[in-house]
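The two complexes that follow have chain A in common; it is paired with chain B in the first and with chain C in the second.
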Partner chain A sequence: MNRVAVALCAALALAGLGASAGLVLPARWRSAAVGAATVAAGVAGAVAGAAAVSGTGWQVRVAGLLPLAGVTLAVDALAGWFLLLVGGVAAVVGVYTVGYTGRTGRGPAARGALALLPLFVAAMLLVPVAGSVSTFLLAWELMAVTSLLLVLSEHRHSPAVRTAGLWYAAMTQAGFVVILLGLAWLAAAVGGESFAAVRAGAAELSPLVSSGVFLLCMAGFASKAGAVPLHPWLPRAHAEAPSHVSALMSAAMVKLGVYGIVRVAFDLLGGGPRWWWLLLGAVGAVSALYGILQAAVATDLKRLLAFSTSENIGLILLGLAAAGLLAAAGQLAGAGAALAAAFLHTANHAGFKALLFCGAGSVLHATGTRDLDQLGGLSRRMPVTTGLVTVGALGAAALPPGNGFVSEWLLLQALLHQVPAGGTVLTIAAPVAVAVVALTAGVGVATFVKALGTGFLARPRSAAAAAAIESPPTMLAGMGLAAAVCTGLAVVPTVAAPALDRIATGLRVESAPLHGSGIDLRLAGIASSISPLWIAVGVVGIAVGFAAVARAAGRPRRRARAWDCGDGPLTARMEYTATSFAEPLQRVFEDVLAPEQDVDVTHSAESAYLVRAVEYRRRLPDRVESRLYRPVIVAADAVGRAACRLATGSVHRYLAYMLTALVAVLVAGVLR
Partner chain B sequence: MTGAANTQLLNLACGLFLLTAVGVLGRRELSALIGLLTVQGVALTGIAVLLAAEQRSGEVAAVAVGVGILKAAVLPWLLRRILHRVPEARETAPLVNVSASLLAAAALTLLAYAAARPLVALAPSPAARAAPVGIAVLLIGFFLAATRRRAISQIIGVLLIDNGIAAVAFLATGGVPLVVELGVSADLGLAVLVLQVLTTRLQAAFGDTDLDDLRELHD
Partner chain C sequence: MPVEPLPAAAGLGGSVQVRHVDAGSCNGCEIELGQAFSPVYDAERHGVRLVASPRHADVLTVTGPVTVNMAGPLRKTYEAMPEPRLVVAVGDCARDCGMFAGGYGVHGPVATVVPVDLQVPGCPPEPAAIVSALRRLSGR
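For the complex of A and B:
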């Protein structure tokens, strides 16, 4: 029997088992059982994905499972990549969950919240393997509903959770509706709803239909992926969800938005005109820049990570757009490299973001706060967590030897080496995109220096941070696994080359975009190569060398007081906070961020020249949200209030409405 | 029994079925309404029995018996019990007066016949030709519920709607499966029981059962 089939069925069965275990077991054993089942389901999903990316396909149609359409599953290399990604993240997060939810049986460890976790994983595994429009929509909705319920699992904790849930529910359902419209339109236009039929019939579609389908699907998938301007749910839901759920959502679920775009635009529609890709690239560029700027000035650790998710999705979309544009211009080598960059970045981001969200969860678990201005000094109290988070931050900052570096380097290579013969649009768009990636990378470094520096180094800024305790071993083990995966991806990204080759061939872009000897990473048709392993060895070697030289130089160690203007010992109040660290950036990008600042100076009663107290307040509202969404919400609210007048409470009136509607439908039927 | 006689009887039953619905709109005494509803239940049972005889089907006959018990005996009995507890004899001020209601019933019946043409065209048997009667009764029931003030009138409106649906189901498909009919009947019995409780509570709270007293049901 097919390996993919066995592993996939095992994954779904294990997830079901985990869900029932979460429902029936007592609180003592619940977390461990559900965590173990999630790990097992994730591993099985990853095994299925690994088999699929190494060339084993699988297709099945179960007619009786759903009325009318039945369930169609189809696994190819593209689906395999995302299976591997979701499975890997689920395995890591499953281990972490055991420690994070603990044995209290409340909040995220409640019966329902735990039982939903394996179901969420199962839904995410089903999305990429769906082989027909109806199956895909079912899996998509299942994923949306389970994730929404998981986001709400701490709803008793604070009203912010409920607001986040509301935003997420509204946006994910709106996204589902536009995807439904797009895919239903596509299926109706080609006269078949299985992906194979759509693929076969896509060539004869009129440009109007294919562009309409592309726009609808892109809107829905980009909102799930958290691309600006469809992102407002993301910083809320990621920040307010329990951390293991945030990790799953940010590392795995938003990637399925990327999967949707690739599946529909590249695979089902078979590529399209240039303006599609320019639009996608513009969305990607705006997401990358706006996301990282908001992350740079955020003081809430999880909000920072959430905006960084928007940024990384922006980079991935930029890669996809470059691939589409280059393929449309006939530059298949560059297209292959851009596609490889985008896919590699999905894996890299999944690795380091799972690690970082788990790290944020550990901080929250240890101190009870996510506010970077209240943290600090955690490296002493939580050395292992700090070390692991450093690995993730290195990847997120895209600095060598982190894993984010490799994919961003690939993306830059693909953009830089496009041939000038590609036309005016490409000649202008490529340098702009390069500038966007470069600026994003630069601000990204500042962002993660801030997160790591103010959160974990220096002195604790609050009693809670000073009393932090190291996380339980299962949480550390989960993060350790993620860190190991990150390191692997950073050092030997060439292991992904055969998989990327199969995906690119499946998408008719270019075969073998990457090849390498296991150490070197070379691009097909582009004269550049990189050796991440040697870079890592070099960086680590230099660091160790410096330390050794410093020690060997034999200067006796001398303890001295740091310079403090002669004003007594340094206190935590004198440190850079997250706010103050980001202040210069905030000043530079003031026109974009539009911060609301308040400085209140209280003078002494004796003299106006003597200041008794200075109070500084800063708010950084999401500008896209206030400009774009507020008017819509206000208008919808007004319509709702106006509609209230229709509902007076009179039973007769309601019955009359129904009768009128029924008669109107019948009359319309008669007149037709 | 010959086919022609059977068709004649079927048409007679359907005519009686529609006539009782119109009669319900025309009368104001609540006890008369219940009497008319009982007659309508008998007519519906007649339709079911005739269909069962035509098809020689035991299952349809069983459904017919069930329908007869429920619509011609149980439900009228329940309604009379409610009426006994709530001493209101007349629908004093309907939102639309009786003559206008009768005109509306005529319009609704015309609409039902016009709208059901495609349905009849699917299988033009004598039974299917009579199916628009069911839709007409459904619409009349809806109209009754929307324009009468007393709670019992509303219950009767709901029952008319259900009778209409049941008649369409019988006439258009030649008999519904027993399971479906059982489910619908259980549902209906429950609805009437709930409405009975509601009516008694209304009476206790307001002294009458004018549903327009229930104005708080909005957000």
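For the complex of A and C:
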């Protein structure tokens, strides 16, 4: 029997088992059981994905499961990649969940919240394997609803959770509606709703239909992926959700937005005109830049990570756009490389973001705060967590030997090696994209230096941070697994080369971009290669070599304590905080970020020249949200209030409405 | 012109990072110190460099009689330096309080606060004298 089928069914069954365990078991066993089931389901999903990317396909149609259309599942290499990704993330997060939710039985460890976790994983596994429009929409909605309920796990805890839930609910449902419209339109236009039928009929679609479908689907999927300007739910939901849920959402769920774009634009519609890709590229560039700028000035650790998700999604979309644009210009080698970069980055981001969100959860677990200004000094108190988070931060900063570096290097290669023959648009767009990637990478380094430096190093800036203790072993084990995956992806990303080749071929980007990569990552058709393994060996070798030479030379180590300018004793108030570290960046990008700052100076009663106290306040509102969404919300609110006047509670009035409606229908019927 | 190297400075390997503390000088010595690092005397060509933090320094130059207010900061500066560390007392005031001896705000010469390894006499000492003292530390 087909390996994919077995593994996939096992994953779904295990998830169901986990959900029922969450419902029936007492609080003492609940977390462990649900965590174990999630791990098992994740592993099974990943096995199915691994089988699929290595060439095993599977298709099935179960007619009776859904009314009218039935359920269609179809697994190809593309679906396999995302199965692998979701499964891997679920396995890692499952281990972490056991320790994180604990045995309290409240909040994220409550019956419902735990039971939903494996269901959420199952829904995410179903999205990429859906083989028809109706199945896809069902899985998508299942994923949206379960994730929304999980975001609300701690709704009793703070009103911010409820606001976040509201934003997420509104935006994810709006996204669902546009995807529904787009896919329904597509299915109606080709006269069949299975993906195979759509694929076959897509060539005859009029440009109006295919472009309309592309725009609708792109809007929906980009909002799920957290691309700017459709992102405002993301920093709220990621920040307020329990950390294991944030990790699942950021590392796995938003990737399915990327999956949706690839599936519809590349696979079902079979590519499109240049302006599609320019639009997608513009969205990607804006997401990357705006996301990383907001992350750079954020002081809430989880908000920082959330905005960094927007940034990484931006880079992935930029890669996809480059692939589409290059393919449209006939430069298939470049297109393949860009596609490989985008896909590799989905995996890399999943690895380091799962790790970082779990790390943020551990910090929250240990200190009760996510405010970087209140943290510090954790490297002494939580040494293992700090070490693991460093691995994640290295990946997120895209510095070698971190894993983010490899995919960003690939993306840059694809953009740099486009040939001038591609036409004016490409000749202009590619260098702009290169500049965007470079600026993003630069600000990204500052962002993660800030997150790690002010959050974990130096001295604690609050009593809570000073009292932090190391996380329980299961949490460390979960993060350790994620760190191991990150390291693997950083050192031997070439293991993904055959899978990426198969995906590129499957998407009719007619080339195997990484064909023949052994230890080196070699780009077919582009004279460039990189060997992440040797880079890692080199970097570590240089560091170790220096230490060894210094020791062999017999120079004694000179110790100097931190200098307090003679004004000691040294206090935590003298440290860089997240706010002060980001201040220069905030100043440089003042026009984009538009910070609201207040300085209140209180003078002494005796003299106006003597200052008694200075108070500094800074707020960094999300500008896109306040400019783009506030007016809509205010207008919707006004319409709602106006509509209230229609329903006054008077029965006579309601009877009059009914009569008017009846007459209107009759008149319409007669006139027709 | 060769100099006679100070044995205590042998561990510095010919590269000397200097932090300066004005412990109460009239600033005459500072002017001459400034000249010692000017293009005319150019102490840097002998491997001597001024740095901005005691953490980075091998050598502390101190001028002036140590005033009551500067005794603490001078000690802290010295303590903040990594070992091995050396102190050069620049000017007559630093050596024996010079013309300020017995002043109500004067704590005492530099040697009463931190151990002194080398002295540069003069009120103020000539830049050339300062340079040749620093050269004894770098050995160049």
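The working rule: the second predicted complex is superposed on the first by the 634 of 672 C-alpha atoms of A that agree within 3 Å, B and C clash if a C-alpha of one lies under 4 Å from a C-alpha of the other, contacts with A are read in each partner's own complex, and residues count from 1 in each chain.
Everything that follows uses one rule, which is that a residue touches a chain if its C-beta (ideal position, glycine included) is under 8 Å from a C-beta of that chain, and two chains touch if they have at least 3 such contacts.
On a predicted model such as this, the values are computed, not experimentally measured, just so you know.
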Partner chain in contact with A:V588 - chain B first, chain C second, else both or neither: neither
Touched partner set for A:W563, first chain B, second chain C, both or neither: second
Which superposed partner A:L666 touches (first chain B, second chain C, both, neither): first
Chain B versus chain C as contact partner of A:A188, first or second or both or neither: neither
Which partner, chain B or chain C, touches more chain A residues: B
Touched partner set for A:V651, first chain B, second chain C, both or neither: first
Parts of chain A lying in touch with chain C, wherever the complex brings them together: 558-564, 566, 568
Footprint of chain A on chain C - complex, ascending: 53-55, 72-73, 76-77, 79-84
Touching residues (chain side chain B, partner chain A) in the complex: 95, 108, 111-112, 114-115, 117-118, 139, 142-143, 145-147, 149, 154, 211-212, 214-219
Contact footprint of chain B on chain A as seen in their complex: 644, 647-652, 655-656, 658-659, 662-663, 666-667, 669-670
